[in-house]
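Each of the next two complexes has subunit A plus one more chain, namely subunit B in the first and subunit C in the second.
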Partner chain A sequence: MARNAGRLARLKTLLEEFYVTPYRGALARARRDEDDIFMLFVFAELMGVPNPAAYYTLELQPLLLERFHEWHRRQGLEHSPLDGFRCC
Partner chain B sequence: MLDHLLTGRLLFVGGKGGVGKTTTAAALAVVAAARDRRCLLVSTDPAHSLADLFGRSIGNRETALASSLWALEIDPDQQADEHLATVKARMKRLVHPRSFGEIDRQLDLARQAPGTMEAAMLERVAEVMALAGDQYDQVIFDTAPTGHTIRLLSLPEVMAAWTDGLLGHRERSARLGSALRHLGGGRQKGDDLSLLESASDYVEGSRDDQLNELLQTRRRKFVRARDQLLDAAVSAFALVLNPDRLSVLESIKAYETLTRFAVPVTGIVVNRVLPTDAEGAFLDARRRQEARYLEEIDRVFSRLPRVRVPLQPDEVHDMETLRRLGHLILAID
Partner chain C sequence: MNATILAVIGLSMIFIGYRFYSKFIAEKIYQLDPDFETPSRAMRDDIDYVPTNRIVLWGHHFTAVAGAAPIIGPGIAVIWGWLPAFLWVTIGTMFFAGVHDFGAVWASVRNKAKSVGTLTGDVVSPRARNLFLIVVFFLLMMVNAVFGVAISNAFQETPSSVIPAWSAIVVAVAIGILLYRMHVPILWPTVVGTVILYAVIYLGEAVPISLPTEVMGLPTGAQWILILFAYAGIASLLPVWLLLQPRDYINGIQLFVGLGLLYGAVLIASPDIVAPAINPNVPASAPPMVPLLFVTIACGAISGFHGLVGSGTTSKQLDKETDARFVGYLGSSGEGALALVAIIAATAGFASRAEWEALYSEFGNGGLAAFVQGGAVIVSSGVGISNEFAATLLTVMAVLFAGTTMDAGVRLQRYIVQEAGSIYRIPVLQNGYVATMVAVGFCLTLAFGVSAVLGLPAGEGGMYIWPLFGTTNQLLAGLTLLVISVMLVKLGRPARYTLVPMILVTTAALGSALFELSRYYADGGLLNFLLWLDLIIVILAIFVLLEAGSAFTRERRAAAAAAAGASA
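Showing the complex of A and B:
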């Protein structure tokens, strides 16, 4: 009986994983896209996109500095678009 | 007739360069102060002339000029320097000291970027607007020439929309994050794709909260400024013009734009009208031209309270002449 319960629980986890994993991946990607767009708005000037609010986004940059490297790599830029600002 | 200009908390005095905005704003401020309303007169024109008008130094801090009267000449340079210094200090806490030089270089470039001065000016204007009704009974702005002012007045609306956009992205990201946690995400390898919230953030305290707090603070400032501007019970905008072609044309354009942004224009000051008792063939010829423009002003601005202020024989130069001019503008005998 106890062995059956254990098997059932394992089966439940497996099925959950089977059904949930694709959604989890999609959600995680959707979220990353939102964050990427946010980063683009904050660092727009560095990418040569005029940012109408550069003065106000500047204060957000210190908080995002550590994520900056990861982000520009994902945007297809091997090296930091910010000249002289060597994060890589 | 224009007495209502001195009953609100905020008054913006605008118009084409050289029509007498500064003098008009100062005259109204002197009358307000004489009525024991604590009044702050603020210049947003990059070429300040309040100090010259009052014959004393004023600068970028509230300076007492008389009983119940203070003046301030906003210096966007200083505002921008302070803002950039704060950002620099925050960045330097996060990076290796060998990058300090690069941070300085990068932010010094931002200092020169187009729009920086304008943004700094807007920030300071929003702060000063918040003093009205609290520290001061009324704040009177002597604004820069029309185009610049309209931009300044429309910015809070635009910037509030902009911060809303950014906050929208933050919100959607947070919602997706929480849905992810319900699906048991975050613990599995490869699920943690989020750029802004990874394990290290929990150690440092929530960086997300700090980002949202900064954005919210910005937004509150813009929204407050916008709400004050658009509230006819709080703000008034007086257009100053001269009875000549260029000044009339520019004022019509300014009026249309201000109306489009729903800024309540509540008074027209027609300044430097030739006095009826001035004589001579030359003045008669000028007066005939002037009559055309006075008629046009009456027609175009028929729905607004208007006042004609005659050209004065003496230059306005002290509190007494300002007070007299103020009474002429408000049509008080």
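Showing the complex of A and C:
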């Protein structure tokens, strides 16, 4: 019984890997693109872009600052675009 | 000749190729090192670079490369008799495809998992890389056009396959949502999805779907092609997790089920091959066997498309360098096995030689139709299901292979158009919707333009370009083998094991392209745009051979200079 359960678990692992392997990178990039848009929403006001949701996103800024450096580099900005926040 | 004997001989040859020849290549030529730090370990990011179980990676490589082409190509090529097709598939798998796929993975792994396109620029020359990208674009354009027509023909010949084939999309989307959004464990969606996929065939039998014979002047085939490309365009824009990923997955499962079913039926039914070993009555419309056989069967013997897969995703996930033999060589062997069973279906599943000759009265008549017709007879007598059910099942299997390739092909073409827009600073081409329309437009132009030139019903000219598709595919294989050969020369190892296949494949592609030139000129004169497309392929093939000569001279001189420096 335990042997069968082990085999079933192994089969499940193989199927999951078989499902995920070809598209792991594509999905991770798609998820990152969504995150990047979210970062833009959160920091838009600080960069002079009017954001009607700024009141709600303001409190998220400290939580996302750790990811800010990688984000602005991905957007093609060598250095931080924010005067008040120099990460590099 | 009995089909079981042919299957046993063919599978044994492929196995011997893996067991002995690939071992020799792995140890003496590529010299795989179990301690070499692969890119999946050195550059691990858990996104693109992830060490992966070799069985999973083999499954991915095999299912990514095996599509409808190893069914259609052999189905057409047996018009010259079963023996030439059998020999090319088995010998091609052993000495050409295996070394090519294995080599593409190895070359990429040894160069930070770069794609063959990038490697062509690094190892051969930047000009060769540009050639590579042009060939890839042509290949994608043709594969989409050809498969669109193949599916359209299949829907017309087997209307009972329409509902099951489209239902697969619903099953795929359901699996995608269950797994990605609802985080349901994979086992039950797989089992239930596969059962539904086959159960819906009964529904297809009960409700066959046929489109009107004419709508706004468009015949049935053209209507299906437009619907298929509209679908492919939309599918290429959908999130990967929603359709492409689960569709590829169930397609892979189906490939294993289908292969098992077909070989099982061959062993049980053990039919005799009714087609001649070498056909003495080849129809006048058929081109000469040499060199056309070598491009009519591309996938199944050797295919350049495999190098894109091997160096694109496979190499980034290879755990150990020694796994390259199992994943690359055995992956192409799986496709050889599919081509072999397609040959058996298209030559043994007929009541008499007269029936077989009636189907093969014109070049291009066989293909998918022969596979379905012959395969259905074998499966129904081997497994005990009705002939109609077996025919629908095999049609659905082939349509799903072709459909998934179209999904991926249009998506890849869209990326190329967007990249071109970025390189040449044309913002409108960077838009996903515009790029998709451009990609689909190219394919439709090819599918419909051929019919217009030849005076065929709209959209039915796609299969006419099958040899040109094979030629382009072989040219790509030649370029990949060139990269591997130059790398071997640089390392001071014997290059003949990749160089000889490279020269043979490129020469066959060039010879076929030259022959096709005369055919296209005879069929439509200078107005036949395929003539110009083919001319570009001829020029590309000549450039490939010149680049090969130039790269080898350069590397040999460099090696001689290094040896002279060392002795001084």
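The definition used in the following text is that the second predicted complex is superposed on the first by the 65 of 88 C-alpha atoms of A that agree within 3 Å, B and C clash if a C-alpha of one lies under 4 Å from a C-alpha of the other, contacts with A are read in each partner's own complex, and residues count from 1 in each chain.
As a convention for this text, contacts are C-beta pairs under 8 Å (C-beta built on N, C-alpha and C of every residue); 3 or more make two chains touch, one makes a residue touch a chain.
Quantities reported herein were computed from a predicted structural model and do not represent experimental measurements.
S.K.: Classify the contacts of A:Y56 with the two partner chains as first (subunit B alone), second (subunit C alone), both, or neither.
M.R.: first
S.K.: With the two structures laid over each other on chain A, which partner does A:L65 touch: subunit B (first), subunit C (second), both, or neither?
M.R.: The first partner, subunit B, only.
S.K.: Applying the document's definition of touch, where does A:L14 land relative to subunit B and subunit C: first, second, both, or neither?
M.R.: In the superposed model, A:L14 contacts subunit C only, not subunit B.
S.K.: Could you look at A:L27 and tell me whether it touches subunit B, subunit C, both or neither (first, second, both, neither)?
M.R.: It touches subunit B and subunit C both.
S.K.: Compare subunit B and subunit C by how many residues of subunit A each one touches, and report the one with more.
M.R.: Larger number of subunit A residues touched: B.
S.K.: Does the superposition put A:F41 against subunit B (first), subunit C (second), both, or neither?
M.R.: first
S.K.: With the touch criterion stated at the top, can you tell me which subunit A residues are shared between the subunit B interface and the subunit C interface?
M.R.: Of subunit A, residues 16, 23-25, 27-30 contact subunit B in one complex and subunit C in the other.
S.K.: Within their complex, state which residues of subunit A touch subunit B.
M.R.: 16, 20, 23-25, 27-32, 34-39, 41-42, 45, 52-56, 58-67, 70-71, 82, 84-86
S.K.: Over in the complex, which subunit A residues touch subunit C? Could you list them?
M.R.: Residue positions touching the partner: 8, 11-12, 14-19, 21-30.
S.K.: Can you list the subunit C residues touching subunit A in their complex?
M.R.: Counting only subunit C, the residues touching subunit A are 46-48, 50, 52-53, 55-57, 59-60, 64, 179, 185-187, 190, 239-241, 244-246, 248-249, 252, 313, 316-317.
S.K.: Taking the complex as given, what residues does subunit B use to touch subunit A?
M.R.: The contact residues of subunit B facing subunit A are 80, 83-84, 86-87, 90-91, 93-95, 99, 102-103, 105-107, 110, 113, 115-116, 119-120, 158-159, 162-163, 165-166, 169-170, 172-173, 176-177, 179-180, 183-185, 188, 191-196, 200, 207, 210-211, 214-215, 218.
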